[in-house]
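Listed after this line are the structures, all set down as structure tokens.
After this come two complexes, each holding chain A, first together with chain B and then together with chain C.
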Partner chain A sequence: MFPELNNLLNTTPDRTEQGTLTLLCDAKTDGSFLVHHFLSFYLKANCKVCFVALIQSFSHYNIVGQKLGVSLSTARERGQLVFLEGLKSSIDIFFQTQEEPHPLQFFREANGGNLQSLYEFVRDALKPRDSEETMWRYPVLLVDNLSVLLSLGVGAVTVLDFIQYCRAAVCCELKGNIVALVHDSGDAEDEENDILLNGLSHQSHLILRAEGLATGFCKDVHGQLRILWRRPLQPTAQRDRSLTYQYKIQDKNVFFFAKGMSPAVL
Partner chain B sequence: MLESLLALGGLVLLRGEGQSRGWWGRIKGRLSCKEQWLADSVEWEGRGLLKALIKKSALCGEQVHVLGCEVSEEEFREGFGADVNNRLVYHDIFRDPLNWSKTGKAFPGGPLGILRAMCRRTGPGPVTVALDSLSWLLLRLPCITLCQTLHALSQPNIYPGDNSQVEQVRVLGLLHEELHGPGPMGALRSLAHTEVTLSGKMGQASASILYRRPQQHATLQTWWFSILPDFSLDLHKESPLQSQPHLDPQTTQYLYLQVDPTAHLTFNLHLSKKEREARDSLTLPFQFSSEKQQALLYPVPGQKSHIFYEPDAYDVDQEDPDDDLDI
Partner chain C sequence: MAAAATCGTGFGSSGSVAAVAGRSGITSFQRRGKAGGTDGGPRLLSIAGTRPSLRNGQLLVSTGLPALDQLLGGGLAVGTVLLIEEDKFNIYSPLLFKYFLAEGVVNGHTLLIASAKENPANILQELPAPLLDYNCKKELGEDVHNPRTPESDDNMKIAWRYQLLPKMEQVGPVSSSRFGHYYDTSKKIPQKLLDISKCHEFFLPEKVSSTLAVESCPLSHGYTKLLQFVQNIIYTEGFDGSNPQKKQKNILRIGIQNLGSPLWGDDICCTEDCDSSHRLTRFLYILRGLLRTSLSACIITMPTHLIQNKAITTRVRNLSDIVVGLESFIGSERETNPLFKDFHGLIHIRQIPRLNNLTCDESDVKDLAFKLKRKLFTIERLHLPPDLSDTVSRSSKQDLAESAKLLGPGCGMMAGGEKHLDF
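After this line comes the complex of A and B, so read on.
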């Protein structure tokens, strides 16, 4: 996790809000550093994490996680991390007969199907078991990312329904958190993606939006991060609604600074 | 603001403008039910305003039915006192909209069935129906079916026997305008009698309310407000543009306040009296005046023009001598 980002969000692994939906989105840049941040953040916070990883392999996240101080292999072995490796398990659907419904069963269904099997996988993964009831603080669902589901033929409303069911189970029932990444297609007029992004934005408590700089690529400033707080859980909580920072990603850390205040230009 | 909004029964549409598009409006009324849509935006959320309206209706003795599709019942009831919660009936679609749990608790007919059941309500007395949210329904139901059901919901029921008993029904709908195209939005707006645009500046929310009263001009009001933790409204001031008659926005698209483009300029756009006189007396170089015309037509004799040329000493070109020049 990135300590500077924790400062901006005013959280630490010991002190977090529960029952929230955090939306990560990226436009004209790669926002996956936010996914790595939250993955390591919640593992360090001693939460039970279900990670639906549809974009990269397990070893990729493991390598990055090690740079951030967490070992995904260890977390998986001791039951803290349930990892759905989309790239690998999607092959199983086609080449192995399934006795039980596979989480990615919608691949084989005409018209995209629905995501009920994926939801049930998540619910079973995060359901507290008697043996480990006191081990983990609260459950967390992490999805990387939801836009790829649209590319796989699932409708935007179907994905919204899936997230709604996850919110009901994870946020409301189990008092856990959900973090999901959605790409912003920007100028490319992708109606389905816009419906998904706007629909999720309205349900989110916190939106982190990584944008490329309007002026193009820069060696010292990799992008801009906009943070929007919505739906405060305590109505009396006073805080800034929206902040904007620029950032530079390095090997093991991300540095944030006010707009135009990059150390390279000062 | 709340009283005027609740003055007419109807559809209050809350929407946002541009980035922040939220309309909030509520009309309280002694007339028959009309629809009131609340359309909000990502930046300016409308649910707080919806809850403030619901609280006001409940405290006035009305029963409130909420079709809850987007948040859990627990979250929706949070912040309401017991007096409001007792009058609030929450139809929970949020938890299991597609009946995946197969527990048999799902409503037969889904959300549309619930709306149709509300149309067959019994008993007089004012009722408020709140849809949280209209966008959720519009994404999953055909627009025409939804509009027809909402229209049927808004029709007053007249009870025989007591000829003054007209049931007052108000429908409040929360709408996330970014999710819908102009077609469905136009259809819903045609049902609405009040539209409120939610926007804001510097953390302060404002609501521009467009009232469409039958056989009257549409009027526009703007209020700045904040919602307190107990969902009562704190109004600050009214915008300088008060109660202006306004064209029906179905013909014009925007409800923006007028902005003076010549304010806050970094250069001087105005002329002083002296500058104006100097400018007016200036003759432009290519202006064809009578004096110029005379000078061209009747040149003064003796003013023949001469050309004086001194050849440069070094400027001698053997191949092209200057002998052929007529100088």
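After this line comes the complex of A and C, so read on.
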């Protein structure tokens, strides 16, 4: 986790809000550093994490996690982390035609299919078991990323239904959090992606949007992060607060600064 | 499911690539660990033609173009896909395809060539010959150059013992420790090198008999057959470490030509609203899964300029690791424009992956152009020639403004400023 991002979001691993949906969005840049941040953050916060990793392998997240101070393999052995690796499972489903149910069953179907089996997998993974009742604080679902589901033939409305079901189970029932990454295609006119992004934006409590700089490539400033708080859980808190920072990614940390205040410039 | 089980144990263990055997599956992203293996002694795994990345020790292979290797941060990571977006008339992208395969032949890697248009055997015969002379700078400067052969009738006077040894001949895979070679496109690769290389061929018209069958499976016939072929090769030859019989310590180089074109049975290049728009992206996803769990690297050329639906292009790029776009000047007004006379086209590095890392080795130079000389494919920064005319030519200002628009956008970000600022 990045300490500076924790300060900006005003959270620490000990003190977080529960029952929230956080939407991570990237436009014209790579927003995967946010996924690594939240993964290590929730593991350090002693939460039970279900990670649906559709785009990269386990060792990728493990190696980056070690740089950020968490060991995914240890967490998986302890039962704190339930890791669904999409790439590996897809090969199993595609090449071995067994008929038993699998979380990524929609892969077998020609026209999209529904994500019900995936939802059931998530629900079973995060359901508190009696033996570990007091071990973990609250469950967290992390998805990287939802746009891949659209590429695999699932419809945007189906993905929104899946998130709705997960919110009902994880956020409302189990008082946990959901974090999901969606790519913003910008001017590529991807209608399905726009539907998904708009739908999720309205449902989420916190939106983190990583964008490329409007002026083009810069060696010292890698992009801009817009933080938007929506739907605060306490009705008295201020609504729709938004902040913008620019960031630079380094090997083990990400530095945030106000717009135009990059150390390279000052 | 033994294959999956052995592959499963490999994940999470951050051993070096050396700790292979049949027990743990190979993931191509395992970092090279410390020299001490589990049995005490240092186990150095060195596959010919690979080197660890400077940033995180990841295994890299050369793309066949040393200039491109440099721009990609050292080379192509094992387990990733290099997507080449073809230029409009498909003149330069086959060259990059051939360079990649020729590099595999020279290094002794196993090849897998898949094409729907050309017979892979023909592609193999037409690979360019490597320039094995180490003083290749000399070669490139001169037009006709015969490598000087040592005079055979000179008796060695001092080191006469060496006269008894057979003369060295570059027959087998070049055992040089060089990473990345230069190729001469005017000569074909010597047959000796081809004879010892191993190549698997997938020619679509031979593998798929009928193309008119209604396809209810999630992928088209051609894509399914190709994936099964690739998976079969990976499994039987042990590139994923799951086959206990085979202890393969080699790289599989996969080359797929013109993917997405109508010859593969896909209609994304024909219509905008196609029903089967997910076939290509599903194919790429499963291919990605296959590559990540094996010691292989893949190059794909795709006619993205023909894809009608821009959303598909974006999705394809998101599912590939490295995306390089070629834009040749042929046929455009820039071909005759004196400002661009030094170059044959532009090359755009659209995407570089961040593997096992938060950052990536992006090059600072975003305006790159390429030029194909007879023996060399150079990539350099796009520069405009100086305006040396006696009178400041106002007519060229328009061209300068156009080219100024080229300079600036990096990684697909918006370029600022459209007016030509005239001080």
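As a working rule, the second predicted complex is superposed on the first by the 259 of 266 C-alpha atoms of A that agree within 3 Å, B and C clash if a C-alpha of one lies under 4 Å from a C-alpha of the other, contacts with A are read in each partner's own complex, and residues count from 1 in each chain.
Operating definition for what follows: a contact is a pair of C-beta atoms (placed from the backbone, for glycine too) under 8 Å apart; a residue touches a chain by one contact, two chains touch by 3 or more.
Keep in mind that what you see is a predicted model, and the values were worked out from it rather than measured.
When the two complexes are overlaid on chain A, chain B and chain C sit side by side with no clash.
In the superposed three-chain model, the partner touching more residues of chain A is C, compared with the other of chain B and chain C. Applying the stated contact rule after C-alpha superposition, one finds that A:L87 touches chain C and leaves chain B untouched.
Judged by the touch definition given at the top, the superposed model places A:Q18 against neither chain B nor chain C. By the touch criterion stated above, A:D161 is placed in contact with chain B alone, chain C being left untouched. Shared-chain residue A:S262: touches no atom of chain B or chain C.
When the two structures are aligned on the shared chain, A:R241 is found in touch with chain B, with no touch to chain C.
By the touch criterion defined above, A:N6 reaches neither chain B nor chain C. Superposition on chain A leaves chain B and chain C with their closest Cα atoms 17 Å from each other.
Contact residues on chain C toward chain A in their complex (touch as defined above): 1, 4, 7-8, 11-14, 27, 29-31, 56, 216-218, 227-228, 231, 278, 281-282, 285-286, 288-290, 292-293, 310-311, 313-315, 318-319, 354-359, 362, 364, 366, 408-416. By the touch criterion given at the top, residues 40, 42-43, 45, 47, 70, 72, 74-75, 79, 94-98, 100, 135, 139-140, 176, 178-179, 203, 229 of chain B touch chain A in their complex. If you check the complex, the residues on chain A that touch chain C are 28-30, 32-33, 36, 57-60, 62-64, 66-67, 72-73, 76, 85-88, 90-92, 94-96, 107-110, 112, 147-148, 150-153, 183, 185, 188-193, 212-217, 219, 249-252, 254. Residues 114, 116, 119-120, 157, 160-161, 164-165, 168, 172, 194-195, 198-199, 201-203, 207, 228, 230-231, 235-236, 241-242 of chain A touch chain B in their complex.
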